[in-house]
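You will see subunit A twice below: alongside subunit B first, and alongside subunit C after that.
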Partner chain A sequence: MIKTALIIVLMSLNFTAYAADNPVEFSNPELQERYYALIDEIRCLVCQNQSLADSHADLAQDLRNEIYQKVLAGEKDEQIVTFLVERYGDFVLYRPPLTKNTWLLWFGPFLFLLLGIYVAIRLIKKQSAEKNAFTELDETQQKRLTELLNEDTDRNKG
Partner chain B sequence: MIPELGHFALILALAMAIIQTIFPIAGAANGNQAWMSLARPVARLQFVFISISFAVLIYLFLTNDFSVAYVAQNSNSLLPAIYRFSAVWGAHEGSLLLWAVILSLWTTAVTFYSKRLPNFFLARVIGVMGAVSVGFLLFMLLTSNPFERLFPVPADGSDLNPLLQDPGLIIHPPMLYMGYVGFSVAFGFAIAALLGGNLDSSWARWSRPWTLLAWAFLTIGIALGSWWAYYELGWGGWWFWDPVENASFMPWLIGTALIHSFAATEKRDVFKNWTILLAICAFALSLLGTFLVRSGVLTSVHAFATDPERGVFILVLLGFFVGGSLLLYALRAPSTVKGGQFKLISRETFLLFNSILFLVAMLTVLLGTLYPLIAEALGMGKLSVGAPYFNAVFIPIMTPVALLIGIGAIVRWKQDDYIRVGKQLRYLFLASLVVGGILGITFFDNHLFRTIAGIVAALWVILTSLSALMSRLKHRQNKLVALQTIPRGFYGMTLAHIGFAVTIIGITITSQHSVDVHQRMAPGDVVAFADYQFSLEALRPTIGPNFKATEAVVKVTKNGKHVTDLHSQKRIYTVRNMPMTEAGIDSSLMRDIYVSLGEPLDDNAWSIRLYHKPFVRWIWLGAIFMALGGLLAATDRRYRLKVESNKTAPVEGGAVSLKS
Partner chain C sequence: MIRYLLPLGIFAGLVLIFIYGLQHDPRLVPSPLIDKPAPTFNLPTLHSPGINIHLDDLKGKVSLLNVWASWCVACREEHPLLVKTSQTNALNLYGLNYKDTREDALRWLNKLGNPYIESAFDQAGTIGIDYGVYGVPETFVLDKNGIIRYKHIGPLNKQDIDDIILPLVKQLEQPAS
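Let's look at the complex of A and B:
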């Protein structure tokens, strides 16, 4: 009985604890687009790994409101982002800014790609170099080679 | 008593795993037939014991034995029976047990379908897989025993995380683990080949169907996870670049590189070292994924089962297997590149570029996933790497893949003539461009460039795949007979490539053209959105077995015609007092309509989110095609032939026909 009562109390607490999830309205579709793009790339700081747009947490709701007001007040994206970073640090941005600490993050993939292409070209060259080595064999050498190879495979099989 | 039985069975399984590791490998090293022949029976016995242990844990959940800590923490007497069953792998200890069970299942499958493997080779494979078993069973017994007792016994359990109380979570983890752990077979084969120095193309042929099978499971597992997140998390996203998703995606990327590299190694005896490395890498990433998910070093939406202290053990395990196998690779991998030769314009070249692009893609995901950890460890401050980063760097790397698939499917092995290839490809390219452009312009009116690029890429993959099929029939008299003689491997490849294209279409159109609206709605309100009218018919309280909910009934009409009634619930799971959103979804091939109940506002009104998501189903449909393709290829005739012919002749102790 006490347990049920407790649950009901907790439930009602839980509901009231939620900040009103009021839908926002824009008269200007451009502002609307900017607002949604912004909250999509800002991290909800009290959630595990969710953007403001996806989160139901109170803090997320507060921040959404704040961003909404700023967008309406005519602040530019950069101003809003700077404000958030000053308050919460780079952690709040899902798109990490390019700094000396993040250049490896941003350029790493393309370094990998260049390295990969280099490795591939080397492998292909190596392969064709071996081809030249084979063509330099004369007929008897080639014959002997084939024999040796066959012997080798036979041994493996045995 | 019964929990102790499970515990004891687990200890016996460990004992079997130790025997399974030591004797077959030692036997293979010094030619001791008796020791080698232990591999099969001991591996099967390990499976028996670990199955008993697993069955016991299931039994404990079904009978609500809250004297067991793990059951008490993850179940509740009000929890529906089906979720008590899936709660077995709902948290750390149980998912490790599932890992070990599936590893043992794969090992046992190898013991049955390995009649054509040489004895010493099979012994090594089973031994290596046994070593992995030892690691995981030790981990479980030393740090994460699922059978640990709790005293005093609580009156009831603290319930399964409501996020996991969902049909998708019954099959998603087992499928994912079948994939993850399935790569241990490829790993076992690779290490066995390195140990024995027999890296010929028959090694690739033995290993290839297993790898394809694991890859197919992983594909389905990831798709299920994406689908689950889509309908269960309540905001219509289907991929979040969450660290835990990345942890399963990385083995998939390398697995994809691996199955393509295997093709070249088996058919043309090239890239042997490369294939070995990829096989090691795929399994290492499975272990890394387990470490990332289980250690709690990452903050993610999946962090429902984490414990930093256990991370150290997995890290040691990871270090042992990865370090050990790389050392072995450095010592034993053949230094000379023996094998088939090929020219620049050849299928080998394109397969090589394929595996390199997938490797680069994997490294990119790895970099983005680990960078926040590394940055923090190095004192560079906390930062977040999320979807905007991954989309920015991942898409440019994957775009060439679509282009290369088209050429790779058509170009011949060994060497081809670029004029011939160009002739076959130019009309296909033109057709993709024109048709893609027309489709894009006709059906969509914004984000045109990206949409058209995606459709063109997908059409290119589909058309070139079909063209490759056509050229196989070109000079044949009887097309029907010809169709039947084409190997399953080829059909599998074609189907998987078309599946890839279908997924590209789904991702492109959903990402570019989904729309949503956030509304305040009271009963009776009507909202017009995306060609549909949504009217909130009712808001009513409902009660489930272990939750209370408010349910919204939304009637959807189009031009006055009734389309569907959607039910979305806001649930409060009473034990954990946790809110959850159940979305109401109407799905069809061309679009999903998605209604998600938000929070209560004033005057009986609620906030409600409405989504229109065109082509979202294609993402998972494509994944199903890919998995079926993998399955088809894995059951290709040339892998079954020897097994079947051996069935007729009784083979004792795994004596082997060496004709392959």
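Let's look at the complex of A and C:
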């Protein structure tokens, strides 16, 4: 019991390794915050599913250093991001900008949501239509039904 | 009938998407530098530290810039082909020696042959960053005006050279009409 509780507690703790191999210190905490926010948003192209902050690749180290220098030199976030995008393309951004190449990426999920809503509405309409069809019989159908039922009771009697 | 054909159709559509997706290597990221002027550089040459090589030295002719390093295993794979191709004088092949030591790089060339007219020595890798290099070897084709026309990521094979690089160089060499 204690063991299980311990495992759950340990698993729910979030240990984030920020640029583990080379922690960077700024004298200005605001710059430090910007630096860490930036390297968390930039993809490392060598190990594509890691951010620069997570990656141990040589290139990631170089790029972290480049960003560090630029933050220190007083460059704005947009300037630094543009610098990287000009060289490595939109792919370095975990949140790519909205362009004609990426609109499907951004709006694709909503298209599927609309498709899902459409299918759901159609299904519900169809089902309720079928239900109504059972409850309402016209005159001839009602007559035929009584006949059939009578036939059945007659056979049972016989 | 549609009830049974629809899932089949969706499945077939997915298969087509997967086939399309599997034929694309996610490691090959298209470079934003294509059809843009090559980033300029002014670096010491690998062979003589006192002499610099500048991007302008590559201009005037269609040239190739091959990013390589002695620590790069895949470079070793394409190297014999580069040496062989350089002997035909069909290409103006320059090297960008990336994040290497001079000693290792020179030993590598002495041992395996030097296909390059000249190699620029980018020890810090800053020019590599300007060229958006993320996986050596990479090869850039520059036209006469120093515009990047093509980028190949990873080792070149004979087919790449014969079917893509050589025809492209030939086409770029023709005077603009």
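A few points about this structure:
Basically, the second predicted complex is superposed on the first by the 114 of 158 C-alpha atoms of A that agree within 3 Å, B and C clash if a C-alpha of one lies under 4 Å from a C-alpha of the other, contacts with A are read in each partner's own complex, and residues count from 1 in each chain.
Everything below uses one rule, namely that contacts are C-beta pairs under 8 Å (C-beta built on N, C-alpha and C of every residue); 3 or more make two chains touch, one makes a residue touch a chain.
All values reported here derive from a predicted model rather than from experimental measurement.
Once the two complexes are overlaid on the shared chain, A:Q48 sits against subunit B and subunit C alike.
By the touch criterion stated above, A:E147 is placed in contact with neither subunit B nor subunit C. For subunit A, the partner with contacts to more residues, out of subunit B and subunit C, is B.
In the superposition on chain A, contact is made by A:F112 with subunit B only, not with subunit C. By the touch criterion defined above, A:E33 lies against neither subunit B nor subunit C after alignment on the C-alpha atoms of chain A.
Contacts of A:I124 after superposition: subunit B is touched, whereas subunit C is not reached. When the two structures are aligned on the shared chain, A:V85 is found in touch with subunit C, with no touch to subunit B. Once the two complexes are overlaid on chain A, the subunit A residues touched by subunit B in the first and by subunit C in the second are 48, 89-91.
Contact residues of subunit B toward subunit A in the complex are 198, 200, 233, 235, 237, 240, 242-243, 270-271, 274, 299-303, 337, 341-344, 348-349, 352-353, 356-357, 359-360, 363-364, 367-368, 371, 375, 380-389, 392-394, 397, 518-520, 548, 572, 574, 577, 579, 598-602, 607, 658. If you check the complex, the residues on subunit A that touch subunit C are 45-46, 48, 58-59, 62-63, 66, 85-91.
Those residues of subunit A that touch subunit B in the shared complex are 7, 10-11, 14-15, 18, 20-24, 41, 43, 47-51, 53-54, 56, 89-96, 101-102, 104-106, 108-110, 112-113, 116-117, 119-120, 123-124, 126-128, 130-131, 134, 153, 156-158. Chain contact summary for the complex, subunit C toward subunit A: residues 26-27, 29-33, 99, 125-126, 129-135.
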